[in-house]
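Next up, some structures in structure tokens.
Two complexes follow with subunit A in common, the first pairing it with subunit B and the second with subunit C.
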Partner chain A sequence: MDIELITTLFRTSIRMATPILLASLGGALTYHAGIINVAMEGLMLISAFFSVVFSYLTGSAFYGIIAGVVASMLISLLYSVFVSFLKANNFAIGFAINILISSLTLFLMRVMFQGKNAFNSPDIASIMELKVKTGNYFLDNYLLNFSILTYLSIAIAFLLAYIIYKTSFGLRLRVCGEMPQALTAAGIKVGVIQLWASILCGGLCGLAGAQLSLYNVRMFSRDMTGGRGFVALAAILISGGKPKRVLFISLLFGLFDALSVKLQNEKIAPQFALMLPYIMSVVVLLLFHLKTRKQYGKA
Partner chain B sequence: MSKTYPNGLEALREVSFEVRKGEIHAIVGENGAGKSTLMNILFGLIKPTSGEILFNNNHFSPKHPSEAIDLGIGMVHQHFKLVQSITVAENIVLGMENRFQSKLRRVDREAMNESVASLIDRLRMSISPDDRIDSLPISKRQQVEILKVLYREADFVILDEPTAVLAPNEVEDFLEFVRGIREMGKTVIFISHRLGEVFSLADRITILRRGNVIGTFDKRDVDRESVANMMIGTATDLSEDPPDCLGNESVLSVEGISDVSGTIRDLSFQLREGEILGFAGVGGNGQEELFEALAGSLRLASGDIRLVGSSISSLDTLERRRAGLALITDDRMGKGLAPDRSIVENCMAGHHKFGKFGKWLIKDTDARSFTESIVADYDVRCGKNIKTAVRALSGGNMQKLLVGREIAYEPVVLVAAQPTAGVDVAARKLIHDSFRRLVKTGSGVILISGDLEEIMGLANRIIVLYRGRAVTEMTHPHYDPTEISYYMTGIRGAQDDRYSHS
Partner chain C sequence: MIGTRTLSFRKLLLSLLLVLCILSVWALIIWFGGESPFKGFRYIIEGSLGNHYQFLSTLNKMVPLILAAAAVAVPAWTGMWNIGGEGQLLLGAFGAALVGFSIDFGVGLVNIVVALIVSAAFGMAWAAWPAFFKIKLRMDEVVTTLMGNYIAAQLIAYLINNPFRDPRSPLAQTPYIKSSFVIPYLFEGSQFSATFFVAIGMVLVLFIFRKRFITGYEFDITGSNPVFAGLSGIRVKKTKLLSMLIGGALAGLAGGLLVLGMTQRVMQSFSPGYGFTGLLICLLAFNDPLLIVGIAFLFSALQTGSVNLQLFTSVPAEISGVLQAVMVLFVAAFKTFIVGRREG
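After this line comes the complex of A and B, so read on.
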């Protein structure tokens, strides 16, 4: 295998892993707060849409990202109000939001841009890269020149590890998921903690959506998240919501994504290549499940 | 103070008592005497129907536990509210841990651990603030619960049956610990029905029986025997007599059973045809485990159970039912019935496995007529609509439905746990009559009940359980309620129990 192929594969993996990482970090927060967030798919999609719209209108990727994050946070707020305060079933609300946003973005796109199933334009500003040329092949290709959100997401992973395991908020967050009665007994409102977790999750899913539509492809197409919200959910469940593990698992899923992209150009049926990341998610989920079950067996 | 629950259960009837500052005040009474209701009212978890509380001479009617906590009242519940995966200190400080945050919002573990450690030292306990809850034994977890209360500087501590979860050898340490709390100048309410502990610990004792306060006594003025009498009530009405249809053949024989956790120990008995065998005891002395052992949901460490000669120890619950066992659980809402399903479905449940309504598909007309016969025979009041969800029925009607369904198996042996708990007098009579009819056909009944009157009026023989052992056995008509109450509370027959827990 030549070095160019490995480099491409690596860079594609990182590119593909970034949105999954961001979304799963957000989902990890609600996971610790006791909510399995199935709405991440919709949150990413709404952000992907508004990121493209505002990036196109303002010509600035920064405003695009902000718009995407705000949209995603608003939807997340709605989700949290239903789940934490009105005590609705989080799966039902999550799927309702996913379906709603899938149709809403399609509708808005058709109304605003007369597009059919996709919208792209040279006026959509792409997210900046950390553009540095050092001349060193390894540094240039393996460490530098990625989307700034990639660097941000890695920093966020470490930041969340600190917040979840070292701060007072993190302690309450973990107790909230494990034994909400203990929190109530201590005079803290469970719903408020869950609300904060959901809003932060919305913000991170917003970043994930922006990375997807303003960097990975620079366009908006119908249902472009393509199940990444659920891949992120798988990453959370496998990692038990631990941010550093989430980082690792997301990279793994990014690699499968990259392989899938690569294989589509080879002599393999493209349909099969497209299936690869999802098949691998199921396989990884299964392997980790078997491992945890073994541990329980010993205990 | 009075409390009548919405379902008509009178838990407390105009009870009055007072607690003095700095004393250990024991509240004793049987299960269902109203102890927990009373304490939950004090802590703001339940609203009383009438009556008032004075706390430090101020009117006090808490609507939420937080109001009680603010006044310095702390309660240690029988069921712990601890988070398993975090440390002792984190559990104790939870809700106040933001005091230990640095500018970077990092919780200063050392400062937090230190503040908890100083409390632990003052109480001379041996817990490390850094231990995780899931690595601690039950007795230490309980101490953590108490530390939670003391850390918030509660001056009035309610301990709800704290020793129920402890092994016998842990009890003495715990009592010493409670004395330590009193030395700190705090007031303690100690709820228990183990008179040994009560007498070793309490300054004063309030006795509750069936929602009434019998009285509050200084410990020096009473002895265990008189408290046991007042608690269980020896003026029992013996208007009912056990049925008289004893046969000679043994239908059920239990030989030296012990369970894995050691809650029941080396229990043996025989049940003859046509006999009702009563198990008396204060709750938590192995009754539930005995029921589960017979039902097949508890793993036995040793011993054998034989139903009409053949061993059923290795059978699961369904197989035991096929062999001729029927079971009335004490948890009708959780285990006995499916509250959200209809009466028909609840009646069929279990019976459908016996092919009563067709081999593959359920024949609606058969199921319906089967249900209707149960509803009619047991006077289940459901407004003629057997499609009603069971949840809509009153407690008494639910219980009659459950009893009816189980007796419809025509069992060789019926095991009934608390069959008349929380039901009215008429339903109670009906259920008792159905047991009498059942034994006339030669079946045997195991009656596990916390209601001594019920057992004495129905059982041909009584075995008293104390800490998982059969401490005595009496045969009708030689019942002596006073004697039984001594055995139930461990005054008699329990000399060896401190050493037998291994």
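After this line comes the complex of A and C, so read on.
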């Protein structure tokens, strides 16, 4: 393997890992609050759509990101009201929301842009990269020119590790998932904690969607999230919602995405390359479960 | 007595309010699409029920929806989530096509039955591995069945591109099935065929299975209280596995019926999302087989009606998906007040 290939793979992995990381950090919050969030797919998709629309209309990626985050937070709020206050089944509502957003974005795209299955334009402003020049060729090209959201996502991972395990909000969050009666007994409303976790999750999924549509590809296409919300869910289940582990697993899934991109140019049938990330997320989940079963066996 | 009567009056009022809410949000969406709501509703109703061709077309579109919904419902009885209907349907369709263009038993009916059994078996196989991982390793079946959809889509894309591509076709698609496999149309000018009665028949079988058979009862007990089910001697894991296999078979059958009754081959983008529409239908029908038929009729009418709407106005046909999903959310919101809070 030559150095060029490794660096390309590395760069693509980081790029592809960022949305998965952001979404799974958001999902980790609701996971600790006792909600397995299956709506992340839809949250990312609605954000990807509105990020593109507002970036196109205003010419600024910043407003695009804001619009995406706000849209995602609103949908997440809706999800939380259903799940935490109306006590609807979280899977049922999650999938209803995913399907709603899948058809809603398609509908809006047809109405607003007469687009068929995708919308792209040179006027869509892309998310800026970190522009720091150190003079060191290696550093400048391989470590310091990712999307700003990439750096933000890594910072958020460490921030969340602190919040979840070291603050009173984090404590309430974890109690909310593990022993909600205790929270009720202490006079704290379980639904309110879950609501906050969901809103934060919406914000992070919003950033994830913006990264997808304003940096990774710079367009909106039908169902462009392609199951990443569920890859993120797999990452959460494997990591047990621990942010630093989430970081590691997301990078791994990013690597599989990068390999998939790379293999599409090779001699094998492209369908197998496209299949790879999904197969690998199942395989990693399987390995994790095999390992935990062994541990249970010993105990 | 008076208490129950006032209660049911309240329920009636809430149900009316629910219908009103759904209709007004639908009207808003149609208005946003660029058409006056009343005209929009008229085009949808005329396009789906206006004359007997359109009515037959609505009935015909129900076939995959009913079976895809049943594919979610049966596992849901035991507390399993089958989100993989889309993939199972694709594999079932391919199975039927594979039999249809490669084998011939000489008798039309035998051909059709064998092809349908193979399609159900293919769908079942695609549901088997997530179910197996779930009961053996407690691997979350939501994630695995969903990933299965993406894997199946690429697998089928590969199969119809390379090994089983029709050599005479410029597009990636399988050869046509032999004419002895085709389920004929019943009326001239309409694609309506006996597949509709197969779907209805399956629903009736499921209904009777659930209400009159011990295994069906065990499904319900396993879903509502697995601990109690285990204590009363039901083999919970086996029941869950079986429900998932039946679900996969139903989705596979949907694909098989589509191939034999309509498309006669498998091509790119074979399914416009039947699996997910089926999921929505099942959510609205609260897993009940007979309700599934009713909701499937409504959804199918929305779909054929929306095509008509697109024909005459600037509103895109994709509106049907939005209308359907909005309805699910409203019903979920009102369910708490009408039926009361319940798990599941």
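We take it that the second predicted complex is superposed on the first by the 295 of 299 C-alpha atoms of A that agree within 3 Å, B and C clash if a C-alpha of one lies under 4 Å from a C-alpha of the other, contacts with A are read in each partner's own complex, and residues count from 1 in each chain.
Note that a residue touches a chain if its C-beta (ideal position, glycine included) is under 8 Å from a C-beta of that chain, and two chains touch if they have at least 3 such contacts.
What you see is a predicted model; the values in this text were computed from it and never measured.
S.K.: What is the contact status of A:Leu130 with respect to subunit B (first) and subunit C (second): first, second, both, or neither?
M.R.: A:Leu130 contacts neither subunit B nor subunit C.
S.K.: Name the contact category of A:Leu287: first (subunit B only), second (subunit C only), both, or neither.
M.R.: neither
S.K.: If you tally the residues of subunit A touched by each partner, is the higher count for subunit B or for subunit C?
M.R.: Partner touching more subunit A residues in the overlay: C.
S.K.: On the A-aligned overlay, A:Leu5 touches which partner chain: subunit B = first, subunit C = second, or both, or neither?
M.R.: A:Leu5 contacts neither subunit B nor subunit C.
S.K.: Taking the superposition as given, does A:Leu159 touch the first partner, subunit B, the second, subunit C, both, or neither?
M.R.: After superposing on A, A:Leu159 lies clear of both subunit B and subunit C.
S.K.: Which partner does A:Ala118 reach: the first (subunit B), the second (subunit C), both, or neither?
M.R.: It touches nothing on subunit B or subunit C.
S.K.: After superposition on the shared chain, which partner residues are touched by A:Ile268: those of subunit B (first), subunit C (second), both, or neither?
M.R.: In the superposed model, A:Ile268 contacts neither subunit B nor subunit C.
S.K.: Touching A:Arg174 in the superposition: subunit B (first), subunit C (second), both, neither?
M.R.: After superposing on A, A:Arg174 lies in contact with subunit B but is clear of subunit C.
S.K.: Inside the complex, what are the residues of subunit B that reach subunit A?
M.R.: For subunit B paired with subunit A, touching residues are 65-66, 69, 81-86, 90-91, 94-98, 100-101, 105-107.
S.K.: Which of the residues in subunit A end up touching subunit B in this complex?
M.R.: Residues 162-163, 166-169, 171-172, 174-175, 178-179, 181-183, 185-188.
S.K.: In the complex of these two chains, what residues of subunit C are touching subunit A?
M.R.: For subunit C paired with subunit A, touching residues are 29, 32-34, 81, 83, 133, 137-140, 142-144, 146-147, 149-151, 154-155, 157-158, 161-162, 276-277, 279-280, 283, 315-316, 318-322, 324-326, 328-329, 332-333, 335-336, 341, 343-344.
S.K.: Report the residues of subunit A in contact with subunit C in the complex, numbered from low to high.
M.R.: Against subunit C, subunit A makes touches at 36, 38, 78, 82, 86-89, 91-93, 95-97, 99-100, 102-104, 106-107, 110-111, 226-227, 230, 233-234, 237, 269, 271-272, 274-275, 278-279, 281-282, 285-286, 289-290, 293.
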